[in-house]
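Consider the two complexes below, in which chain A is the common component and chain B and chain C are the respective partners.
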Partner chain A sequence: MTLDRPKKKNPQIRTRVPTLPPGARSRAALGMAVMAAQGKFALQHCDECGAVQYPPREACAACLSSALSWKGTEPYGKLLAETRIQASPDPYFRERLPWRMGSVRLEAGPVVLAHLVGVGRGDRVKMELRLDRAGQGVMVARPVERSEDMEDDPVLRAMGTHPKHRRILISDATQPVARPLIDALMAAGADHVFAGIPEMWRRPPGMAAVEGLENVSLVPLDVTDQQGLKDAASEIGGKVDILINTARHIRPGGVMGHDTTAARDEMEVNALGLMRLAQAFGPAMAGRTADGVNASAALITILSAHALSPDPAFGAFNASQAAARSVVQTLRAEFAGAGLRVMAVYTGPTDDEWHQPLPPPKVAPKALARAIVEGLQLGHEEVFCGDVARDLAERWQQNPALLEREITGGGA
Partner chain B sequence: MSILEQLSMALAGDELEVVDLTHALDPDFPVMVLPPEFGQCARFRMEEVSAYDHRGPAWKWHNLTLNEHTGTHFDAPIHWVSGRDWPNGAVDEIPAEHLIGPVCVIDCSAGATLDDDFELTPAIIEAWERAHGEIPAGAWVLMRTDWSRRKGAEYLNMAEDGPHSPGPTPDAIRLLLSRDIRGFGTECVGTDAGQGAHYDPPYPAHFLLHGAGKYGLQCLCNLDRLPPTGAVLIAPPLKIRGGTGSPLRVLALVPKG
Partner chain C sequence: MSTPYDGVVLTCPITVPYVRYSNETAHWWIARALRGALQAADLSPRDIDGLSVSSFTLFPDTPVGLTQHLGLSLRYLDTIPMGGASGVVAARRAARAVQAGDVDIVACVAGDANRIDSFRNLLSAFSRFSLDASYPYGFGGPNATFALIMDAYMAEYGATRDDFGRIAVAQRANALRNPQALMKKPLTLEAYLNARMISDPVGLFDCVMSCAGSEAFLVMREDEAIRRNLPFARLRGSIEAHNAFPDDPVQLRGGWARDIDALYYQAGCGPADIDLLQTYDDYPVISMMQIEDLGFCDKGDAAAFVRDHDLTIDGDFPHNTSGGQLSAGQAGAAGGYLGFVEAIRQVTGQAGPTQVADARLAMVSGFGMVNYDRGVCSAVGILEGVE
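This part shows the complex of A and B:
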């Protein structure tokens, strides 16, 4: 099955109001969403007796210990039984029937209920934890071998944020990441890219690299200009299915000795810019998350991994990144009701003019572009691009206070 | 009839015209672009505080962000290092009587049309004086180039070796200073030529004018509507304490007919 390019919208038919799958979860079950957001397949493992359990609970079903950890688990199993659901009282599933579900015995032990994608009874299946439209982690059983058009399956399409047939706005297409990002999006089947150009009046450096490409149109757009954003949103806002915020203002320097003019520019672009962008384009996107094949799907922003814990050499910039990360978290809460995914792509130092004197490893624009598109294809919410970002995130998750001392050298 | 009554009559009647030499402040009006590692001139930005809505039911107003040197603006002596110690060199200290005065307009539009790097030279000034008389002390001198008709990238005219736009040579500024002018104004983004960094001294208009306590005006428009002599310029900057310049409305009183 492959997904056809959607026809032009019939303007006489009401746009479907977004509905969501059931979203209530226990505190323990929220752990599934945390893992799904990062694209990890993990289950609760008992620290005492080693039992692997599903569904998530507050205590181990085997020994009653409350010492449970989420750990990466072998993602394979066998499909025991399947059913095609033809009727449902739930508005979200009613609109998407029939829907296939089944029970899978995991090789790790437990039997889980899973959404089915292209698998049948008796098959060995590969399991994925995915975020559904309600932002909750759900089990998906799919063939062991990934196939190109797997993501076209209605089950994954309903949950996911795949760029195929979607129209994508890149907020600042003069950034080094823009050209490889456009190429990767097109290769993933994107329908059209709106390339935002800040200060188009001065033909900024970087603009030439994205001019004259097929299915790419240039749009004057500056995340510091409220009125300009309003103008752009009133022209193309109804056609933006995915919004990728690439606008970044970086100046090296800490807090002492770094002047607040540069820090203000960083805040204006990186934190407030994201806020303005979401305010301008978010409402129309939130209204179109159930609008057929090219329903709006996601808002993405690039963050430095040092949003989690600052590198003092880029202290003021990192303050703006921490602020932007906080904006991302609030946007997630605010768009949850519409089912609009808010994805953060964390990167280490990028290979550009502002990190030029730094030694490698640095993240190449191409690698960053690939991470963004992969995150979209798999419907992730938290993407860590490159070894530096992954390592930083891991250490941060283990012990943020320790990480701070590791980076800063432990203060005086 | 007092002189002011006569002025009012002339303004109300058809003897005097008020010409606006100011560009509208908007987010896309070009500003000076410096190398990225330097501090930058803030672009003009406007954010709604309320618009007859829940944020303020009966009124609309905006918060503005801008630099002292954004849009049509005034340069005070302390803008440049050469004028840093000039007494009363900040915009709030400039005596009010300096803000209204006679204006001479030197038409360089023909040359600037042919050459982006057109220079205002002493020879051009001397030729102008032969036609219109010596530039009087205390006069504003404006360099007309019709550059204000350009938009966006063409206005800055940035190339790999920097911007290209017309301006005065160091000797031209020295000659104007010998006439004890009040200040010098242009249609370009600065009082200096785009390539002004390569003169000796670099940026001669800024360096020499402000070093002598004189003022600058830039990003002017409608200079084609001014006579070579005989008009009066009204150019009061905002009274910003310690300000090095200010966006402003520049008006000219011009005899009609």
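This part shows the complex of A and C:
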């Protein structure tokens, strides 16, 4: 099955009001969303007897221990039974019938109900935990081998953020990541890229790299210019399906020994800029999350992994990153009702002029671009790009206080 | 072996006619059924000292609130939240309490409201596992759950939609003799097969119609029933099981199978002695499983069994004589009483237009509560009418 490119939209036709799949979950089941956000297949395992549990619960169904931990789990199973739901009282599914689902016996033990993508009864299947439009983690059973157009399946398309046939705005296309990002998006089937250029009148460095490309149009855009953003949104806001915020202001230095000029600029671009972008483009995007094949899908921002715990050598910049991360978390809550995904891509030191004296590993613009597009293709919410970011995230998840001591050397 | 239920009887079966949609509350429906049962026994509300209630729609009340609401003063108050297994379970627990002398007369009542949006509201908060792990996958409700079970059953045992259709068609024929059944039109096998699909392989006529209604009966000592000149039935045996076969990956058998031999031993009879069977029929596939698990045929042979038998009132295997939930309607938790109350009527000769000739021994099985991927509760009772 392949997804056809949508026809030009008739502006007189009413845009379908977004509905969401059932979003209520127990506290334990929220763990599925945490794992799905990072693209991990994990279930609760009993710390004492090892039994794998599903659905999520409070006590082990084998030994009653309440020590249950989310752990990576073998994602394979057998499809026991399947159905095509053709009637549902839920408005979200009602608009998308028929809907295929089935029950899978995991090789790890439990039986799970799952969305079905290209599999039938008796098949050995591979399981994925995905975020659905309600932002909750759900089970998807798909063929063991991923096929090229698998993500075109209506089940995955409905919950996903794949760039195929979508129109994407890159907020600052003068950044080193912009050109490889455009290339990766186009390779993934994107329909059009709006490349935002700050201070376009002065032809900023980096602009030449994105000029004259097919299906790419340059748009004057500056995340510090509220009126300019408003103007751009009134021009192209109804056609932005995915917004990738690449705008970034970075200067080395901690908190002491400077005035706050650089820190102020960093806050302006990195934290307030994200807020302004969301304010300008968010409402139109939030209204279009059910708008057919190229419904709006996601807002992405790039963050330093040190948003989680600062590197004092970039202390002021990291403060802006922590602020931006906080903005991301609030935006998630604010866009949840519309089903608009807010994705954060955490990166380690990027291979650019501002990190020039740092030793490797550093994240190449191409790798960052790939991570963003892959995250979109798989519908992730938290993406960690490069070894530094992954390592930092893992240590942060284990023990944030210890991580702070390790990086900063501790307090007095 | 379980102690017999000597000296305790079931009497005064009441069905308050079902209505597809009604603005009345569960309290109203329960009061109607309770009043009917008490009137049949010539009792006033203050004469009973026990109440057992099954209902999904009493919120914010529980049966505790019903005591004041209905003016009851009790020694025994039970709530059986087991959906389709409620009737048998309510009866067997009440019977033991009466037998032990904890209480004299227990009114067992089930009833539910059904407003236009009741079913959706009920579904949306049915169980935690449903919220977490079932509804997000298409929100097909029980239709989807039983579609998966039916799909696996068909693949395992070779049953076809024709076979399931026979059950639905026979029950509709029974329902046409029950003036209170909601379904009034005849159903042909062709119409069953051509009906629109709800969740493959579950079609329209595999599904019950939710409605409002209530059912009740009384449990008392035999001498009390005789003194009041009431026709009554004895409970010859009963079993219940919850999450009976947790390791079965798909529910191809129910909890009935676990202790069925003990049940027949307690009742002192076998499948061949049963004059009529009331199964819990939210989907014919579940009735088929019951026919197997209750010992009327071997596992996997129910399709052949229903092909070889006539399941109507006058047939050689009378089954769901009032039309069952498929044709009489499913009044919430009262669906778990429908077969039981009809069985009391049958074995006491009070079934009127649906009466099976010479019905003495009836088996009633219940099945309830899809917590996640299967029905969790099951129960069976064998009732004997007394001349």
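Things to note:
To be clear about the criterion, the second predicted complex is superposed on the first by the 411 of 412 C-alpha atoms of A that agree within 3 Å, B and C clash if a C-alpha of one lies under 4 Å from a C-alpha of the other, contacts with A are read in each partner's own complex, and residues count from 1 in each chain.
Please note the rule applied: a residue touches a chain if its C-beta (ideal position, glycine included) is under 8 Å from a C-beta of that chain, and two chains touch if they have at least 3 such contacts.
Remember, predicted model here, so these are calculated numbers, not experimental data.
Once the two complexes are overlaid through chain A, chain B and chain C fit side by side, free of any clash as defined at the top of the document.
By the document's definition of touching, neither partner reaches A:Pro11: not chain B, not chain C. Touched residues of chain A, counted separately for chain B and chain C, are more numerous for C. Applying the stated contact rule after C-alpha superposition, one finds that A:Ser26 touches chain C and leaves chain B untouched. By the touch criterion stated above, A:His115 is placed in contact with chain C alone, chain B being left untouched. When the two complexes are overlaid on their common chain A, residue A:Ala87 makes contact with chain C while staying clear of chain B.
When the two complexes are overlaid on their common chain A, residue A:Arg202 makes contact with chain B while staying clear of chain C.
After superposing the two complexes on chain A, the shortest C-alpha to C-alpha distance between chain B and chain C comes to 38 Å. Shared contact residues of chain A, touching chain B in one structure and chain C in the other, are absent. Only residues 119-120, 123-124, 128-129, 131-141, 143-144, 147-149, 151-152, 155, 196-202, 246, 249-250, 372-373 of chain C touch chain A when the two sit together in their complex. Within the complex, the chain A residues that touch chain C are 21-22, 24-26, 28-29, 54-56, 61, 80-90, 92-93, 99-103, 105, 111-115, 121, 132, 134, 136, 138-139. Looking at the complex, you find that chain A touches chain B at residues 199-203, 220, 222, 224-228, 259, 261-262, 265, 353. The residues of chain B lying in touch with chain A in their complex are 27-28, 30, 33, 36, 39-40, 43, 45-48, 151-153, 156, 158.
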